[in-house]
Amino acid sequence: MSASTQRLGGRVNSQTAINLLKSNPIFVAIAALAVVTSFVEPQFLTGENLNNIIRQFGTLIFAALGMTLVIMAGFLDLSIGGIIGLVAVVTVTLIDTVGQGPAILIGLSVGLGCGLLNSALIISSGALTQAESLFITYGMSLVYGAAALMYVQGVTQFLTYSKTSIALFDTINSGGIGFLSVSAMIFLVCLAILYVIERRTYAGRAIVLTGGNKVAARLAGIPISRSIVIIYSVSGVMAAIGAVVLVSRVTLADPTMGTPYMTQAILAVVVGGTALIGGRGSVMWTVVGTLLLILLNNCLNLLEVSTYVQYMLRGAILIMAIWLDRVKQTSVSK
Amino acid sequence: MNARIIEVSKTVLALQKAFLAIILVVLAMAVFNMIPATRSEFFSQVNLVDLLKSSSIFLILAMGETVTLIAGGVDLSIGGLMALTGVVVIQLINAGVPIPVAIALCLLLGLVVGAVNAFVSVYQRTEPFIITLGMGIVLTGIGLQLTDAHPVTATDQGFQSIANTEIFGPVPILVLVMLAVVAVVYWMLRNTSFGRNVYAVGGDYEVAKYSGINVLRTKAATYLICSLTATLGGVMLASQLNSASSIAGDNTPLYVVCAVVVGGTSVAGGIGGAIKSAIGLVLLGILTNAFSMLRIDTLVSYLPTALLGIIIVSILWLDSYGRKRKREAV
Amino acid sequence: MVVASAPAALLTINDVSKAFPGVKALDHVTLEVRPGRVHGIVGENGAGKSTLMKILSGVYEKDSGEITFDGNVIDKVTPVESMHMGLAIIYQELNLVNTMSVGENVFLGRFAESGGRAGVHAKARALLDSIGCKVDTHKQVSELSVSDKQMVEIAKALSFDSKLIIMDEPSSSLTNDEMQKLIKIIHELKAKGIAIIYISHKLDEIFGFCDVVTVMRDGHVIDTRDVSSITRNEMISMMVGRTIENEYPPRPECAGETILEIKGISTRKLRDVKLTLRKGEILGLVGLVGSGRTELVRALFGADRVAGKSILLDGKPVEINSPKDAINLGLAMVPEDRKLQGLLLGFAVEQNISLAVLARLTKRGFIDTKGESSISDRQIKALNIKTPSGRTKIRSLSGGNQQKAILGRWLEMSPRVLILDEPTKGIDVGAKYEIYLLMKKIVEDGGSIILISSELPEVLHMSNRVNTICDGRINGEFDPAVASADEIMAKAFEFA
């Protein structure tokens, strides 16, 4: 009974990895695509290209990691698009007045504040279904986006126009020790923290239990509201970190720059195999899911498939991933 | 019959929330008009007709969304479908396809999209909101690919006359089409077996099933209807502007769903109606119009967008909170 | 048997059986129902009444046997088909769409055939008038009283020209006046030649207006008799009959002092309930479904928000506003619905067991996973839970082992007060006995238990003291060592 000896349905060991590959055709399809690409387009395996992959990975992964906990608890957060835009403009505009370090800290606090506000709205309205959380956070995305637009009057803010030092941003973008870039280090630290939270801490367990069965968890004394506060706060902070990394890379801040990340983050989580209904999954699998998505983009770019077709494919993969997971679950419960 | 009268007045009272809000906005605008500093063109005929025209597309889309929401589903692909339809209809016409054939092909496209939505979300029992969100992305992607992300313009000038020909004074065909869609959906929801089954399915899925209603087919049909109205909206929008953009529908689904909820249709299903949704849309339309007439954006740019966002979140919050109150009362 | 001159049977149930995993719900049931008669069916919870009704209406499929209705053999019908055949069921949880109007509910799914809006309301009006119900057909069902909703259900049944109407405990939430109205309607329906199956717990009703009564127990039909030829005591004996002594371990002794005292809990359902529990005691709580027994323990445990509540623990007043508060005070509850309220099906046995002590296993935010495994291994061993390992998903275990795991969850925190709501429901005999032994061990270790069970013998054999609850009120206290099952049952059925 290999499937049943799995802990929490997500510990990465060889047996579960094989099972997951078997039950996740999207994994296999993308892997096959990567193999094909490396034959057709020898450029694929060059160091420069791999570097490129890791850079793209850097922006999406933070949002996706935060989203993983939200989805594991059986909720959704569509506000991260707005949060990323808001944090980006706040951070960049504050550099000259408060200095780069404090600006980043304020940016992260804005992310945390947005997350707390989301959870307050969800708890106070009793929006316990995924659909309700989706609508409310979608609406909040508009609010955060509009706040960002109002704040900078819709004008794109260039990092390079700063009168004071932006060395910190340069370091985040291009600094590093050996082969490890600074953003990669930030990512590894975040991943480690979230993984430990998810696997080892009470808070993490409470989150998956909330996603598993809210009623039973509550009757056994698990604090549901606290889990909601934690997931949305983490999601907000992770989106904010993603925003800072993004700003460092593209050296500008635009109120609408976060929009694509909303659906991509969900996509990365779902492709990784975390169930949309909650209770199952892991940030580790989200790393795999994100890598696969970036890999897919990269392969398609090298094969000169248009960016618009790639955009379309994202939607198609989202539908397929959820549908296939549903089919799998139905066959398990039979 | 006394009870009937009470019942009717109750319905009116329930409507009144959105209704009352419309009246308040209009009154406020009247007051602002008396002050020279804030005098606007709000009550001018041009503005009122504009208001009607700009609300019409959303109203057409909202009718289909209302049917889906009442049945307990949701369709977030209407924005992508609307935009894609506009692109496709113009490209077909520019390629020499006769206008009626082009429109018919677009409606067919709508049916196909609706069928896919219905198949995956209803028959495969997945959560409709993410499935249709994904479908919206697919459709937008197709539109981007078809147009290379550029707006397209119809070369045949006859196309724009479909929506814009003015019949009753300054009222164009577009508004009449909208009124026709509202009337048809109103009649269908109230007076056909299908319409009543939609309420039953959304109100209590199990009871509807045990009453012999084909719940799956009824629910699936609502997705087809929703896609059809989105397609019609797309054709009308393209005709109205004589051009189309593949990203025209980005915020449309949320705006429409919220407006429908403002009108009193619940995202939990079972409750709602065509007129209610229309009132909700008119309210949001009037608000947006009033913001722009008062030139609020000159005070702080993008303030109207923020206000609209806050209004939308408040409405959704109240919708959830109402259900929470009901749950705890039991 | 039924009087010879009776008309031919409308419904014949012949040798019907139905088994669910681990339970034989119906065991060779044979029954006849004749037109123009009110046929009462009585039995304890779990006697098989509901299963039988669900087979008749097509919700379940029978395993074997034959059912004939109105001359047709019913083999596999859908609920709709059975309605169109003239067999209508009025369930306890009413089958109406709350968001729709009265008229439309009567003709649900038949809007156009019934003449559209005007036709539906006119016809519904006529049907409601025929049973003397004055409810406006345009009114939304959610605004009706339970009694009026039942009238709408009856009108719905009549709209199908039903020949047989089955009423499943219709009186459970009716006031006296409403009940009188229902009785009047039953008499009218009877006069029209319609047969009625009336399922009830309340013997008064059976003797009040039923012609024939069938007593069921443990999936068997014990007997079918004319009401005029049976006495109350006979009926009660038939219902509770079975007692097999060695199914239960010897009753534990108890002489402790009061540990928990409910000074008063009032809700919509409960009327100033008072209760005391002593250390080392098993207190049996006997009441019918809907009597308020589950509401009482849920309110005590903080699972439902309750305004008026006063509880003393060790003589000191305590505030319990959430299950977490209750757990911190040493209370534990095994809820009624194992699947929905107890289990986390997608999780490992180990994680299901550690749930209640998770906070204790946590040091500075971190869960001691080694401790978690050893706790679960200990409970798996102590409770003899049959599972390949603690990491197996609990979904794949049998009902009895799942229940033992939930018990293990609470035992690990050594609860001072353990609430058991139907702890042996749907569990095989062997596992039941193990659960009884466990209960005994808990009280011997100084814990106390509140036991809710629909199985009277279970309560009688395990409890030190029995309280009956009826209509949201504690209405009797018994010493099960001396009181008879009939006495207690009579009190729970509220007549004495």
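Quick notes
Going by the order they are written in, the chains are A, B and C; count residues from 1 in each one.
Keep this in mind: a contact is a pair of C-beta atoms (placed from the backbone, for glycine too) under 8 Å apart; a residue touches a chain by one contact, two chains touch by 3 or more.
Not measured: the values here are computed from a predicted model.
Judged by the touch criterion defined above, the protein chains are all mutually in contact, each touching every other. Two chain pairs, B-C and A-B, are compared here, and A-B has more C-beta pairs in contact (counted per touch definition above). Mean C-alpha position of chain A lies 46 Å from that of chain C.
If you average the Cα atoms of chain B and of chain C, the two centres end up 46 Å apart.
With centres taken as mean Cα positions, chain B sits 31 Å from chain A. Within chain C, no positions touching two or more other chains are listed.
The touching residues of chain A, counted against chain B in their complex, run 76, 121, 124-127, 130-132, 134-136, 138-140, 142-143, 145-147, 149-150, 153-154, 263, 266, 276-277, 306-319, 322-323, 326-327. Put simply, chain B touches chain A in their complex at residues 74, 120, 124-127, 129-131, 133-142, 144-145, 148-149, 251, 254, 257-258, 267, 300-303, 305-306, 308-310, 312-313, 316-318, 320-321, 323-324, 327. Within the complex, the chain C residues that touch chain A are 301, 303, 322-324, 326-328, 333, 335, 340-348, 351, 355-356, 358-359, 362, 365-367, 369, 388-389, 391-393, 396, 409.
Chain B contributes residues 3-4, 7, 190-193, 195-197, 199-200, 202-204, 207-208, 210-213, 270-271, 328 to its touches with chain C in the complex. Against chain B, in their complex, chain C makes its touches with residues 59, 78-80, 83, 95-100, 104, 108-113, 116-117, 136, 138-139, 305.
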